[in-house]
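Pasting the structures here.
What follows is a pair of complexes built around chain A, which joins chain B in one and chain C in the other.
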Partner chain A sequence: MHRYRIWAAVAFALLALALPFIFNSPYYQHMLILILIWAALGTAWNLLGGYCGQVSFGHAAFFGLGAYSAGLLYLHLGASPWWGLALGPVVATLVSLPIGLICFRLRGPYFALAMLALGEIFRLVFLNWISFTNGPRGILMVATRPGKIPFYYLALAILGLALWWSYLLIKSKFGYYFVSIREDQDAAEALGIPTTRYKLYALLPSAFLTGLVGAFYMNYVAFIEPNVVFSLGNVSVMIILVVILGGVATLWGPTVGAAIYIALGELFRAQLGAANVLAFGVLVCLVILFLPNGVVGEVDLFKRLLGGKRRGDVGGSLGSP
Partner chain B sequence: MALLGQTVICGLLLGGMYALIAISLTLIMGVMKIINLAHGSLVMVGMYVTYVCYRAWGLDPYLGMLVAMPVLFLLGCVIQHFLINRLLEVESVLPENQVLLTVGISLVLTEVIRFIFKSDYRSITTPYAGEALLVGGMSVSIAMAIGFVIAMVFTYLLHLFLTRTDLGRAIRATAQDREAAQYMGVDARRVTVITFGLGSALAAAGGSLLLPLFYLWPDIGHLFTAKAFIITILGGMGSTTGALLGGLTLGVAESLGATYIGMGYKDVVGLVIFLLVLLFLPHGLRSLVRR
Partner chain C sequence: MTSVAVLEVRKIVKRFGGLVAVDNLSFAVREGEIFGLIGPNGSGKTTVFNLINRFFPLTSGTIHFGDRRIDVLSPHQICALGIARAFQVVKPLRRMTVLENVMTGAFLRTRNVRRARQKALEVLDFCKLMHRKDFPAGKLTIADRKRLEIARALATEPRLLLLDETAAGLNPRETEEAIDIIRQIRELGVTIIVVEHVMKVITGICDRVMAINFGREITTGPPAAVVNHPEVIKAYLGEADA
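Up next is the complex of A and B:
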């Protein structure tokens, strides 16, 4: 079993490395990069939202901060936005620390609302602080661009980092502490788990990775604007939907969710035109009603439907009902 | 001084209408214990129904409201019966799935409206829209004053309904303790469906009152969702009086912010107040009274 898993991982890694050459056109490569971006964002969110149960509706704040760290370096200092890959995650992590200390006083839905408000505050401040951020005009980067393939491997590396960190955290005692906080915070507290500190241990890597993806986004797209990178509907909520689609609190769920989300999004756009967001909204409602634990989370269900054997342990969803 | 007075009065009138939207939200939150992020979209759909009545039959928005409310009541009942109540039976890792379902519903409502009406900005012009009362150097918009009065009437009627009728008492009982209410013979499922319908109808009323004052476009719902939540948290969950006070406070804070800090930062003021209240006054304004 163990050996089988290692071979599967090696085969999967080789496939991931070969993909841009299999789909050798800029359009498909762009899709692949988008999948990697959303998969990395979802994996980062999943650490805090899925395993630790702290549903954040404000991850756009960290994404935007990462993107703007890179953008502002370029705008004010003329530095290459590649430096943003170093600065962005640090800024996002530093900002997440006070946010966490303040907002973790709140529980469940109230935490979700507080994060939602914070994300919107960042958007509005970046929109109105024109002298510093260029406001709604955004930041446009004019630079020579190395084709798609380097971006693909960079995004793959970021996703790899996100998955690796998640794996390490989940398999260590941290993972069990996170899940215990999600399942019953009072019981966790009673057992001697310093809940606020462990929520921070989930938030800090989550914010770091989200900021890193944000900085990558600035380099890749070369144009950012507060309404795009701090968007509630198109970033914060979409990250959550990607995770829900793939499977909350599973290691591979966000990646699977991102692939489905981007592929279906393109399909809808091509087939349905103006109604594509509508189709996506209907899909979201259906998934939540019928696949509440996402595609990866309901592997058991699919196996039963296909008449195969039942497996006891479902992915990484420790302690799920 | 006249500027300050006018700012405050304008804020109070606007706040009264916001309060109606927030009261309908707090009604839903109190009974279902869920966060309804689709609330603003219900307001938006209500506004479009009123808008259609105005365009098709030349119906004044204050009359169109009477069409929008039953339509939204039905829509609310359908959403609650077929979607949200269903979800209560589904097991999942995150209880916040309900919040996400309302996000999905709001996405669907917004996109259906966008599909029918496109993203264009729309507005209606009533003969009295530009009129203003002049009181001691301050001008007060007629549309705002009428809206405020109607919003207060609805609030009072809701208060009577909740305190004087059997159904109203059943709703309050379910909000306090669902299981205890069921033991007393209250059909809690039916109550949740009716509550959601009632909340949606009142949301439509609030939206219709604001229609003469706001531009209308499919994404306006997010604006109202945010405002309704700020007010609800400000007033304390499940409290009608609290929501009323919260609405007036937010209205005044926003117009002061718009006048003295800048139009762009108007919404930041509301959100910052929201966060501060959430953190330091967990029971809303009531926590101040208790001390």
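Up next is the complex of A and C:
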């Protein structure tokens, strides 16, 4: 079983490395990069929202801060926006720290609401602080740009980092503590777990990775404006839907969810025009109804339907890959 | 048995608004004993547990564990000092397996996953839950959930264990097994406080029992004496009709 896993991982990695040559057109390569971006965002959110149960409706705040870290460096200092890859995650992490310190002492929906507000606050501030951010005109980067392939590999590296980091955390004491906090905070406290601190341990890497993806996004798209990168509907909520589609609290769920989201999103847009959002919404409802644990979370169900073996092999959320 | 007090509760009071749930209660639990806490429904037994591990802050009074004052600490610090608790309303970590539940407790004393697993397996064996180790905790029967509560608490390697109605809702055979497990835990050198309605548990294993009603002490002493105390009978059955 273990050996089989390793070979599967190697094959998967080789496939990921070869993909941009298999789909050798800028359009498909763009789709692949978008999948990687959303997969990394979903993986970052999942660590906090999926495993630790602290649902954030405002990860756009960290994403936008990462993007603007890169953009503002370019705008004001004329620095290469690649420096944003270093600055963005740090800024996002620093902003997340006080939010976590304040909200994680409380239970209930306070953190979710605070994050919702945080995303909107940053959006409005960046829209209106025109002298610093260019406001709604956004930041356009004029630079010679390499082709898609370097971006693809960079995005793949970021996703790899997110998955690897998540894997290490989930398989360690941290993972057990995160899940126990999600399952029952009183029980966790009574087992000697400093719940406030461990929620923070989930938030900080989540914000860090989200900021990193934001900085990458600025470099890749070369144009940002507050309504795009701090968007509640198109960033904060979409991250959550991607994770739900693929499987909450599963390592590969967000990646699978991102692939479905981007592929079907394109298909719906091409076929259905303005109705594509409706179609996507219906899809999400169907997944929630029939695959409540997401596509990856219901792997056992598929196995049962296909092969009829390993019936009732349900483990805890840490046991599944 | 030594007479060193492991836990010393002095004049604790807990008010919820106008209701006095615990009223000037004092008691000391000695090293290695099984101390019973009985009283009718709503008499404040579970509240006493919630005060000991500080799920609720005290209104007044002090609680010492060894020579350390603990009523100012938070629940996770109290557990780290060595007071573990099995809840009356069981709190399984539902979407984790039984083994993962117990490992979560074991991680208090180690950060090494393999060692935590080893410890958890030992505890599961001790609590006779080994056959359920890969079950999702949410799907256990009530008897197994109660046992899981004990196992998880034991995995934190406590010096003092608070057992809240561990035998409630169990059939006679399961009750016997629960009593066995509690006895064996004591043999490990763990001091135990039990809150219980099931008299078989109280009279069968407790060294001393305190009866309370309306948050106040009625009497403390050997189980047989306390259970037959007229005030205690009156508290459970009400005043004789005049």
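The definition used in the following text is that the second predicted complex is superposed on the first by the 308 of 321 C-alpha atoms of A that agree within 3 Å, B and C clash if a C-alpha of one lies under 4 Å from a C-alpha of the other, contacts with A are read in each partner's own complex, and residues count from 1 in each chain.
Keep this in mind: a residue touches a chain if its C-beta (ideal position, glycine included) is under 8 Å from a C-beta of that chain, and two chains touch if they have at least 3 such contacts.
Predicted model only: the values in this text are computed from it and were never measured.
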{"item": "Simultaneous placement of chain C and chain B on chain A, clash or fit", "value": "fit"}
{"item": "Partner chain in contact with A:Leu191 - chain B first, chain C second, else both or neither", "value": "second"}
{"item": "Touching partner for A:Ala114 - first (chain B), second (chain C), both, neither", "value": "first"}
{"item": "Angular separation of chain B and chain C about chain A, which is computed from CA centres of the superposed model and rounded to the nearest 10 °", "value": "80"}
{"item": "Which of chain B and chain C A:Leu14 touches, first, second, both or neither", "value": "neither"}
{"item": "First (chain B), second (chain C), both or neither touched by A:Tyr176", "value": "second"}
{"item": "Per-residue touch tally on chain A - higher for chain B or for chain C", "value": "B"}
{"item": "Touching partner for A:Arg105 - first (chain B), second (chain C), both, neither", "value": "first"}
{"item": "Shortest CA-CA distance between chain B and chain C [superposed frame, angstrom]", "value": "7"}
{"item": "Doubly contacted chain A residues - partners chain C and chain B", "value": "317"}
{"item": "For the chain B and chain A complex, residues of the former touching the latter", "value": "34-35, 83, 86-87, 90-97, 99-101, 103-105, 107-108, 110-112, 114-115, 222, 226, 229-230, 233, 262, 264-265, 267-268, 271-272, 274-275, 278-279"}
{"item": "Residue numbers on chain C that touch chain A, as the complex places them", "value": "53, 55, 74-77, 79-80, 84-85, 87, 91-97, 100-101, 103-105, 107-108, 111, 113, 116, 134, 136-137, 152-153, 156"}
{"item": "Interface residues, chain A side, partner chain C - complex", "value": "171-173, 176-177, 179-180, 183-184, 186-195, 314-319"}
{"item": "Complex interface listing, chain A residues touching chain B", "value": "49-50, 53, 55, 102, 105-106, 108-110, 112-114, 117-118, 120-121, 124-125, 127-128, 182, 232-233, 237, 240-241, 244, 248-249, 274-275, 277-278, 280-282, 284-285, 288-289, 292-293, 297, 317, 320-321"}
